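Note that the chains are named A, B, C and D in the order they appear, and that numbering of residues resets to 1 at the start of each chain.
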Amino acid sequence: MTPVAPNGGELSLALLAMGLPLLSFFLVFFVTRPRVTLSCAVSLVCSGLPLLAAIWLLAGHWRMEAPILWELTWMRGGGVAVTFGFLLDPLSLLMLCIVTGVSFLVQVYSLGYMAGDPGKAKYYAFLSLFAWSMISLVLASGLMQLYIFWELVGLSSYLLIGFWHHKFSASQAGKKAFVMTRLGDLGFFLGIIVLLLNLGDLSILGLNQQAATRLTPGLLTASALLIFCGVVGKSAQFPLLTWLPDAMEGPTPVSALLHSATMVAAGVYLVSRLFPFFQGSPQALGWVLVIGTVTMLLSSTMAMVASDIKQVWAYSTVSQLGFMFMGLGAGGYFAGVYHLTTHAAFKALLFLCSGVFIHHYATNDFFVMARSGARSLKVPMLSLTVAGAALSGVWPLAGFFSKETVLSALAELPNPAWLWLGLLGAGLTAYYTFRLLFVMWRPRRTQPPAGHAEHGEGGHHGAAVYWVMAAPLLVLAVLTALLGAAGPALESFLAWGRPLPPGAHHGWLVAASVVVVAAGAGLAWLEFGRAGAAQQGFLSRIPGLWNLFANRWYLDWLYRWLLDHVVYGLFSRLFTLNDRRVVDGGIDGFCRATLGAGWLLSLLQSGLLQYNLFTMVLVMALVGLYFLLV
Amino acid sequence: MNSLHTYLFIALVLFCIGLFGLLKRRSLIGMLISVELMLNAVGLNFMAFNRFLAPDPAVGQVAVLFIMGIAAAEAAIALSLILALFRKIRSINVEQARQLKG
Amino acid sequence: MNPGFPYLSAILLAPALGLLVILLLPHDNRRAVRWVSLISAGVCLILSIYIYAAYDRAAAGLQFVERASWVPSLGIFYYLAVDGINLPMVLLTSIVFFTGVWTMWDLQHRVKEFFALMLLMVVGVYGVFLSLDLFFLFVWYDVSLFPMYPLIAIWGSTRKEYGALKLTLYLLAGSALVLPGILYVYFQSGLFTFDLVQIAQAGLPVEAQYLGFFLFLFGFGVLAGLWPFHTWSPVGHVAAPTAVSMIHAGVLMKLGAYGVLRVGMFLCPQGLADWSPLFALLATVGIVYGAFVGLAQTDLKYVIGYSSVSHMGLVSLGLATMSVGGISGAVFQMFAHGVMTALFFSSVGHIYDRTHTKLIPDLGGMAKVMPRASFFFILAALAGIGVPCLASFWAELLVFIAGYQAYPLLGVCAVLGLVISALFMLRVVQKTFYGEKNERFAAAPDMTPAMALPRALLAGTILLFGLLPRLALDLIDTGVAPLVGMFK
Amino acid sequence: MAGDLMLFLPEAACLLMALTLFGLSLPKHQDQRRVHSWAMGLSLLMVAAGLAGLFQEGHLFFEAYRVDLFSQFFKLLLAVALLLVLGICRQLTGVEERYQPEFFLFLTTCTLGMMLMVSAVELMTLYVALELSSFSLYILVPLRSGDNIDVEAGVKYLFIGITASCLMLFGMSYIFGAVHSTYLARIADTLPLWIHQPGAVIGLLLTLSGFFFKLAAFPFHFWAPDVYQGAANQVTTYIATASKAAAVALLIRLTALSAGTSLYLLDVLMVLCVASMTLGNLAAMVQSDLKRMLAYSSVAHAGYALMGVLTMTRLGYSSAMFYTLAYMVMNFAAFMVVVKVASQGQDLKISDLAGLHRRAPLLALTLMLALFSLAGIPPTVGFTGKFLVFAAAMRDGHFWLVLVGMINATLSLYYYLMVIKAAYLTEPAEPQESLAITGPTRALNYALIAAMVALGLFPRQVLELTEKAVRNIF
């Protein structure tokens, strides 16, 4: 469909949404940094207004027919032109709302969470930077612009994950996140170049409409897969999934932001953004499906053995992302996007709740939390439960419906194996979620509650702080509860309001999923919930598996080994030696040789007159001889 | 016997003897004498060419006179230097004068 | 177009006059010396910003031309002009020169000589960038090189005499190839003129271009840090004092690439076509190799030195693609990398002045100790690993696209090098600035605002050209397009 | 007759000076200052005469003596060189007091000899002139006070010299035999007849060897290191500047005879050129005595000069002339510093320059500039000279020769940098008092610096002069 130019209102709103966060970044970072409250205020305003703008735009275009496009040339050189602009269509509008919403809530939440942190103002500056790059990514009109802000998202996540950079682990995690996603972006970049050289047009609409027809299947698949490499990196899919759990080193609100709406969601967003393009090559979609499945299963297994609350949610994020990719890979465009939406809500909620506990009990281990009486914090506890239930897909919460759509998309596939795998994943999810919930609800009081003495991340503050942090929870909890009902409306909105093809609705599928979830929950009840349960997972009785899962299937170990022994140990050392010995040593050797030659020649000047005379005569004689010869 | 080449040959031989002496002798006096030999060879050359080829018979003779004169001056300077050297190092053997080298 | 006022000569003369004045000043009057050099630098900066703005992009071509016969019998001309290629270089020189002088404000040891030599060097740099006459180009080229020896050997730090000697001999050995090249071209063209433009228009016989380009490639290439002739650069950078490494890595290394471009490629396009595969190969090796070697360094300045090797490899790769995109990217990369490295060295210089070490293991936690210096270094590092919206990103983008188009395999390798460089840059940032702060330097003072200002100028330039790349690229394209036309 | 005197003006002035100094040297006790003032005045007069006679043209002494721009250019050069050298001889430290008047006398006679030499166009005249200058030098070298290396140097100089002149005479005799005349003009006219006779060409080569000796080119360079080191600094300065000029002039005159028709001669000159450059530079790298180092570098520079000569083209000759001028200026600057720093007339080790930049900043600056100029770094006159010479060689397609030349220039940079390092970087073991620099010396320094830079950046006028001069002989 042909895009239309924005009218004044749309233009100003969109630019407002894109521009304000950047403005606040510069303001806070360079101007108001010394004055914390002012900085927070600026940043809050600059993230609140975009939210309003986003909602306004969404409401105003609920029944939009044609995408709205506005661009200008950002860079032009050597036949390559990079455009900067925005593309408003249902997908980008929906995503815009999610991003702005979550980032606003997180900023509000951080008011309490980061209270008293020396670097609070800088933290807000980075949050704004993050918001800016994510918003611009969402609204990007061209693939190159998308890539640019994709990189910036990576940068800001690097800054935020490593925010407490005096902790070695934190800076390490930030570096890891950046480099690993960079590795994936390599493919993304190459894919863009391939498209650029063969298609010459990087506008998203153009790609979606013409790529399939104008590219040979081989090139199409190649570029699609290369781009998907970027997605794998960003969305922490197999095999690049290990950076995300480490990213927990950042402040918890950051994790919430990272995991729900911004960083990792970008990958899913990219695939759905280019969904028609991907559809052009079945092989590519097949790969998406495979990767998604593998990731989901792997990470759920990891979640089953984690005892760090944030770790659990991190693994679950990875697995849920895998789930979305399964949906997309199965051709369920709406399934992926819908699950992305709901997941954004309840995952943000999960993290923010955990944040409250961590902040309160200064520990990340939910067994300890439970023992210290986590139940007493009513609001977080309830919202945690709601979110957990949603995550594991309990009716009537949002997660249930989105999961249903994904599963039904899988059911469409000729091969039933995918569906079974999907169900298995759902079961595992339910298991580890309820494991955590039961532990939190029914603690075993082995020792008196660990007081609030020790202060890890954060620290204990007054009731005001508590409520500042609790308020966003309530909002998100409500959303989590209600989003389920919004499914059909969203679907039609995303489909440009056209009547939907009657998707075959499998009643048995609902039943199956319910059963599976129940099974998972039941197992969790047996092991952790019921009175007198040992709170020991069945896995602890299978040390092999336990170690495997606890060590993330040794993926990290593998990367570390490669880095140490191949990159540092082999190439770096080899090249450095070569540089010292061969390249540089060669030069020095040459110079020494020259000096030696000089010394030899100076021996000619023996000091004995006759030698000199003799040399003279000899040379002249030789010269004469030469003449007679030629 | 009285062809140009005879004289040239003798001159060449003379020159070579001088050269040989110059390289062989270690005493400065001996070297000086050898140089004189070489100069005489040159003179002989000039005379021979003058006698057999040159249109104007004066040139060669003038040349020879000049050479002899200058050779005399040369000998004077050389001897004075050798004397000076002898004063300093008590020897006129070049092997003794080897401070400057390298 | 020929404006009344000879702006280019003014840019060339301002430092020269400053030099004279400094020579006449008494030794002990340090204030005056500093002020004189800062003023002459400022004049240059203002003038070059003016011509950068006043250059008529629509008309393109050579502008602000000043041409006069110098030695008629040999066809030597005093010929200054700017086009899209050397204009950014002039601006770069002015920025780095100005900030460099400011950075050395606190110098106490033999101030007069230092600034005199620095001005001399800068005169040479301007001369190379501005003159279009081969004779003068070479003259200024050497003028810009030989002050490096005293500058490094007197005011330098680590193994300074070795480094200075190596650098000077190496670079002048390179110019030993350039001079024969110039003479060769001079006689092969049959015009008996050193006017670069005339020769380029007349065109050289193809067989002559083969040898000619070879000479220029390796003669200038040495200064461009072309692998494997790069080892002088880390050694030299480590030894050199702050401002000198700023100007040297920031500007002087660009002279090499500029020479290859302006002399080699303009005069011998055919030769380039013959040599470009080798050229591209060496460039790519440089990119990857530099990154890997940088990974193993423990001295901050060594790290930067090798990153320069890697980045200059990008420039060479861009030149070797023989496409508008690649060459524009290369020129822009010269500019961006110049500013970036200057920022690097000025921050490291500050850290070194205060802590007297630039060994990464000794440092650590600097972000807490001296936040300003750390901010500038980290910004430079981010620019170095090609973070978008910082100047060098665009340059690298163009170079990679063109590189991939011309040599797919090498292009991929080059992009891989980018990841490695990201790895080692972040590693350095982490080990130096993050982590628990080192109590030894807890008391080390941060930059004063006055000293932060020049760094801020550099950082601002990076950001400005990163957010608005068209400021440079539209201009560069006008200069590059006609050159690429010659390859056809 | 007046016209002839006009033609003979510089030589006449020189002769007058020589006689006056002779007169002054007769009394037993002579005030050195007084002699010096006389010498300065007269040599000023001589320079004036040289300027006045610059554009004279004509012949003297039965065509045996040719006066043209070429010869007058060199005469002016020689006069200036003498003036400069005398300029730094105010206090003759290092020369025995009782010989100081003779010192001035022999300097003058040597100059006179060279002046005659550059104008001589007849073999015998040439020979006599050459020996006049050589003999004066033979005597000048051992005049040094103190240790006995000066006599040794003198003896070696003498014997190498007379051997060279024997070879030269021998060659001359063969030329005479081939051409039946000693007039260069006649030799040039009958060129086609003899250029392929072995005897004649070898004769020409042997004749050249006399001037290779003067130029200290390989293989006749052996005297240079010893004499430079052994002779008094002032004498060395003179040898290093003036006598080189005359030698180049003669080489140009004689090679011009063959007019580049003999490939063989070309090859030989090329070999000698490369050998001189390389040997000189390499050997200089390992020297520790400053003057000895400069001696070897002068051997190398003889090679560069030869490069211009061997092209046997107008461009080559004019560039060689320019190079000679350049070499005179920069070498004099370097030696001037040596003389000033060695205030006791002693030998200078390179390490003795330590801390010079503090003891005498101006001298240090002059030294640095002179050395960079010798190394051929722009924008100094040394670079321009090299550039012209190389251009001439390249024009004849001697690409490799130019390449070797440039590589040599780079090598030479090494040892020049070592000196600069000593002067600017290393600090003396025990602090030395700063050198007092008189007003005239200061002025001289400024003049030299200005000359080195100005001639380097604005070679136009001089270049046109040399080109005009070359047209007279070729």
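Keep in mind that, in the parts below, a contact is a pair of C-beta atoms (placed from the backbone, for glycine too) under 8 Å apart; a residue touches a chain by one contact, two chains touch by 3 or more.
Keep in mind the model is a prediction, meaning the values are calculated, not measured.
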| item | value |
| --- | --- |
| Chain pair with more C-beta contacts, C-D versus A-B | C-D |
| Chain occupying the middle, per Cα centroid | C |
| Geometric centre distance via CA averages, chain B-chain A, whole Å | 97 |
| Whole-Å separation of chain centres (CA-atom averages), chain B against chain C | 65 |
| Geometric centre distance via CA averages, chain D-chain C, whole Å | 42 |
| Between chain B and chain D, centroid-to-centroid distance (C-alpha), Å | 26 |
| Contacts with 2+ other chains: residues of chain A | 602, 605, 607, 609, 613, 617 |
| Residues of chain B whose C-beta touches two or more other chains | 22, 31, 94, 97, 99-100, 102 |
| Overlap residues in chain C, where contacts from two or more other chains coincide | 169 |
| Full enumeration of touching chain pairs | A-B, A-C, A-D, B-D, C-D |
| In the complex, chain D residues that touch chain C | 357, 361, 372, 377-379, 383, 387, 390-391, 394-395, 399, 402-403, 406-407, 409-410, 413-414, 417, 420-421, 424-425, 459-460, 463-464, 467 |
| Interface residues, chain D side, partner chain B - complex | 123-124, 127-128, 131, 135, 138-139, 142, 148-149, 151-156, 158-159, 162-163, 166, 169-170, 172-174, 176-177, 180-182, 225-226, 229-230, 286-287, 292 |
| Residues on chain A engaged by chain D in the complex (per definition of touch) | 594-595, 597-599, 601-602, 604-605, 607, 609, 612-613, 615-620, 623-624, 626-628, 630 |
| Interfacial residue positions of chain A with respect to chain B in the complex | 602-603, 605-610, 613-614, 617 |
| Sites on chain D touched by chain A in the complex | 155-156, 159-160, 163-164, 167, 198, 201-202, 205-206, 209, 218-220, 222-223, 225-226, 264, 267-268, 271, 279, 281-287, 411 |
